[in-house]
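Two complexes, one shared chain (chain A), two partners (chain B, chain C).
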Partner chain A sequence: MYLRRIFSIQNAAMLGVVIIAALVPLQLGNNQYNMVLATTVLLYAVLASAWNIIGGMAGQLDLAVGAFVGVGAFTSGTLLIRWDVTPWIGMPIGGLVAVGVAVLIGFPMFRFKIKEVWYALVSIALVEVMRVLFLMWGEVGGPTERYLPIDTWSWYHLRFNTYMPYYYILLVMLVIVLLVNRWIRDTKLGYSLLALGEDEDAVEVLGVDVRAAKLKALVIYAFIAGAVGGLYANIYGFIHPTVFSTDMSVEVMILGIVGGLGITYGPVTAAIVLVIIREYLRAKLGGELAGLYLMVYAVVLILVALYQPRGLVPLFNKGWERLKSYWGARQRERGIPTSIENK
Partner chain B sequence: MNVESQPLLRTSNLTVTFGRLVAVNDVSLEIYPGELVGLIGPNGAGKTTLFNAIIGLNRPASGAVFFKGVNVTNFLPHKICRLGMSRTFQVTRAFVHMSVEDAVRVGAYNRCNERNVRDKVDEVIAFCELNDIRKRVSSDVGLASLRRVELARALATDPDLLLLDEAGAGLNTTELSAFMNLLTQLNQDRRITLLVVEHVMRMVMGVCQRIFVLDAGSLIATGNPEQVSSNERVIEAYLGKRA
Partner chain C sequence: MAETFVQSIITGVMMGAIYALIALGLSIIFGVMNVANFAHGEFVMISMYLTYLIGSTLVWDAVATPLITVPILFAFGFIAYYLLIDRTLRESYVVPLAVTVGLGIFLRSMALILWKAQPRALQYSIIQGNIHLGPYMILTSRLVAAIASVLFIAAFAYFLYKTWAGAAIRAASDDLDAASLMGVNYHRTYALTFAIGSALTAVAGGLLMSFQQTDPTGGSRFGLLSYAVVALAGLGSLPGLLIAGMIVAIAEALAMSFFDPRSRLLAIYLVFILILWLKPKGLFGRK
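Let's look at the complex of A and B:
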């Protein structure tokens, strides 16, 4: 029973994808541009998968990820610059500080039932407010960049002259975040979040503490985003108030929505597809006309919204089902009994 | 009637207002353990608002609600649910993207942990005869089944008192009979006290032991079905004054 659960198709598929992902740098390793791209894909995959908890499952239109990433980046970055604290400690502390911000904003918001577009407005405003705060807070932030130590290869400082280690760290983070997603999805919290995302009143009379569930989701998401923020500072080598990025917030939300709300592997799929499309378009069209790639990107998004409003993953699932039924029919023609028909 | 002396639910002078509109006006009622009670009244009489106030979705302007002797007037709905009261909604509020069994599971967590939640879901789904459609997504099961899913969801919370808001609305005659049987079963076999808001008179008169009549926010009559249906004020509320 227990072994069966470990050797499920889902786990096998996940393991396969992770192995392929782990081999990617061997192929791309010498090309720095490709490594940057692969690292960016993973970074967004981790953030969008974390977003899936509050946005996909709980149905809150969250745009605060830039705030949590920024707080995490400044926490971990400042600890490293000022006190030479390793980011291995800085990242979780960054996550905890992000949790503090999340509770500060989430508690009153859920208490007074701010949701839907209002939630979106409050959360994106948080990013801007934080950016301005750090711009004015001279001791930590301020208008000039603060540089992290420069090393060619230091695991203590988590600074390298290549993207490869960051890629692998992010891959490990992604696996953890996906496991957290699956764990939530299979427990009381996940069922509560999915249901309250559809109808808060109806779920309250079934004994679900809506405020507590939403706050838990926000806290888990904020912790992951804050920890990723710590790594983000190390990848780029400096901290500056521009890490509080509303662009990033919007991008992560788009990935979460396009992948398929509440679907564990949706954001990862969307990150792989969309970030690569975006970067490809930027590389191809960026030289022709500034901003043209964004217009084409927007058209892609609109097409997804029009024809696949429930996200990319259901589309792939449909293709998979078709393939299976086609395969099943072929087998039956040959008189071979199949076991994959009924699922 | 076999009832204990301590009421399961008691509202005392409950008043709910929206701005200057008094939706529920000074309603005091008592429901005893094991009863199957009906709540009727013309459209806009305040039945749903009364439900909302009892279960904590609306704050009353004045008055109080006691459940099992506890003053639950300012409790949030999930706390009231934990005490043993749940409800269904007039307009079905299905979790449309969730499967039937997942929706039932949401309610089952009220009294279960991760280990025994499956058994509870199986048991409730079997009781409500939803086995055939348990894997289906709630958005494509049809109205009659949707009403059952909503009932199953509430039932999974293991309530002592269940408020049903027009659970029979939109059902055809056969579906309605089946639903009435289910209610009687709930009440007699599972010993769940029921308060039923209903427009379908056949249903109310057929299964309820006692009926409250609400008109323009006020309680105008109480009694068994015969008493209520012959009450002057009730006839007046439904059909207008005699010419």
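Let's look at the complex of A and C:
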């Protein structure tokens, strides 16, 4: 039984996609621009998949990604600049600091039942608060950029003159985040989250500790975002209060909604499609029509929210099912038994 | 010390009235339709750009431009309601949130395409200058804008409580189903509410442009500011909105003069987060 779960079609498909993704740099490796693009796609895929735990499963539209990424970036970056601590330690510490911030803000919020629209607003206000705080905190932040050490190839500093290592680190992170996503789904926590995403009050009446479940989801998500933030500082080579970005928060939320709330592979799919479109438009038309890439996001988001609120990935799945049943009908006509009949 | 304090209070009271006017449109849309308009700040930003456009091409004063921008924003709100908001009313909160966030991004990118990223300001307004009162200074532009804000809020209160359309809006806000049975066409009432809410930002935009500049990203600042004021006031109280605006603006002015000039956003957001924790219905909330 256990072996059958490991060798499932889903896992085979995931492994295939990972292998293809791992081969991408061999094709693009010589072109730095394409590598930046691929790395950005993965970065957003990781963040949006982590967001899916609280935003998708638990239905709390969180907009604090920018705050957690920023805290992680500042923690890991400052450790490296000040005390020469390797980001391999800095990233998990950054994740823990982000968890601290998340609990500090999340505990009272869930305690006082701030939810839905107000939760989204408080979380986006948190990003701005953190940005201003770090702008004022001259010891660590301040208005000037602080640069990380420059190396051509150093695994200790995690600084390279190419994006390829970052790409692979992010790919590993993405696999971990997706596995965490699927693992949560099979636990009691996952069932609680999915249920409270539908109807919070009803779930609470049934005896689920809604507050604890939401806080757990927030902690897992904040840790991942903080750790990614540590890597973010290394990828871009400097830390500055602008890493606390509300735009990033909104973008991650858009990827989550467009991909499909609570669908494990939704955000990844949305990140691949939308981030590539965005970067392509920015590169091609960024000069003449500076805001066009944002407009595409806006139009896609509005259309999906109005006509396909469950996200785009279920739409593909539906098409796939239809194709399968059509194929099954054809097989039956020819007298070949199919697996669909058994279901 | 005491002088700085009093000066901060004076500035805060005047800016507070303007903040209340900025938040008024959001408050009525949220209160009546229960739709949190995440594009509200962008509405303000677009009205400021329209004010700039009219002010610079027709050489009008910023204070006079609402004569043109109010009808434009009214029509815009009407169209936006029927095109986008009307379909989202019966959905979960995610759908209207996503749609208004999308609308906000759309407006911001439109401003970026049309007017590029540099800030725009009008050169001169008849209400510039200042009045000296002993050791204190009052900027005429803020004073006029504050008085105009109070007048507009009063006029809106008159509309809401003394006219048939206002009664319909209040009825739809209290009990949608009962109002429908009494012959209120709620689609039309909501469209009117949304259009009025967006037209009010045009008034605020005109007043703001008499002493401020505008840039495409400014919208999100006005948006969060409005939400802070609305959260503090609670939904459904117009005088409460005025007082809440003043509390926010006084907190902002005090933080700027006694703590750190960069901390003005901090003061606003702290007020916002604290009030949500301590009194989620706001100070004067009716529901």
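We adopt the following convention: the second predicted complex is superposed on the first by the 337 of 343 C-alpha atoms of A that agree within 3 Å, B and C clash if a C-alpha of one lies under 4 Å from a C-alpha of the other, contacts with A are read in each partner's own complex, and residues count from 1 in each chain.
The working rule: contacts are C-beta pairs under 8 Å (C-beta built on N, C-alpha and C of every residue); 3 or more make two chains touch, one makes a residue touch a chain.
Since the structure is predicted, the reported quantities are computational estimates derived from the model, not experimental observations.
A.B. asks: After the superposition on A, what does A:L15 contact: first (chain B), second (chain C), both or neither?
C.D. replies: After superposing on A, A:L15 lies clear of both chain B and chain C.
A.B. asks: Once the structures are superposed on A, label A:A202 by its partner contacts, choosing first (chain B), second (chain C), both or neither.
C.D. replies: Touch partner of A:A202: chain B, not chain C.
A.B. asks: Per the contact definition in the header, classify A:V250: touching chain B only (first), chain C only (second), both, or neither.
C.D. replies: After superposing on A, A:V250 lies in contact with chain C but is clear of chain B.
A.B. asks: Who does A:F112 touch here: chain B (first), chain C (second), both, or neither?
C.D. replies: second
A.B. asks: Taking the superposition as given, does A:M136 touch the first partner, chain B, the second, chain C, both, or neither?
C.D. replies: second
A.B. asks: Determine, under the contact definition given at the top, whether A:K188 touches first (chain B), second (chain C), both, or neither.
C.D. replies: In the superposed model, A:K188 contacts chain B only, not chain C.
A.B. asks: Quick one: classify A:G262 as touching chain B (first), chain C (second), both or neither.
C.D. replies: First partner only, chain B.
A.B. asks: According to the stated criteria, A:L306 is in contact with first (chain B), second (chain C), both, or neither; which is it?
C.D. replies: Second partner only.
A.B. asks: For the overlaid complexes, name the partner, chain B or chain C, with more touching residues on chain A.
C.D. replies: C
A.B. asks: From the superposed pair, tell me which chain A residues show up as contacts to chain B and also as contacts to chain C.
C.D. replies: none
A.B. asks: Using the touch definition up top, name the residues of chain A that touch chain C in the complex.
C.D. replies: 59, 61, 105, 108-109, 112-114, 116-118, 120-122, 124-126, 128-129, 132-133, 135-136, 246, 250, 253-254, 257, 261, 289-295, 297-299, 301-302, 304-306, 309
A.B. asks: Along chain B, where are the residues that touch chain A in the complex?
C.D. replies: 55-57, 76-78, 80-82, 86-87, 89, 93, 95-98, 102-103, 105-107, 109-111, 114, 117, 153-154, 156-157
A.B. asks: State the interface residues of chain A toward chain B in the complex, per the touch definition above.
C.D. replies: 187-188, 191-192, 194-195, 198-199, 201-210, 262
A.B. asks: Show me the residue ranges of chain C that touch chain A in the complex, using the header's touch definition.
C.D. replies: Those residues of chain C that touch chain A are 36, 84, 87-88, 91, 93-95, 97-99, 101-106, 108-113, 116-117, 216, 220, 224, 227, 231, 260, 262-263, 265-266, 269-270, 272-273, 276-277, 280.
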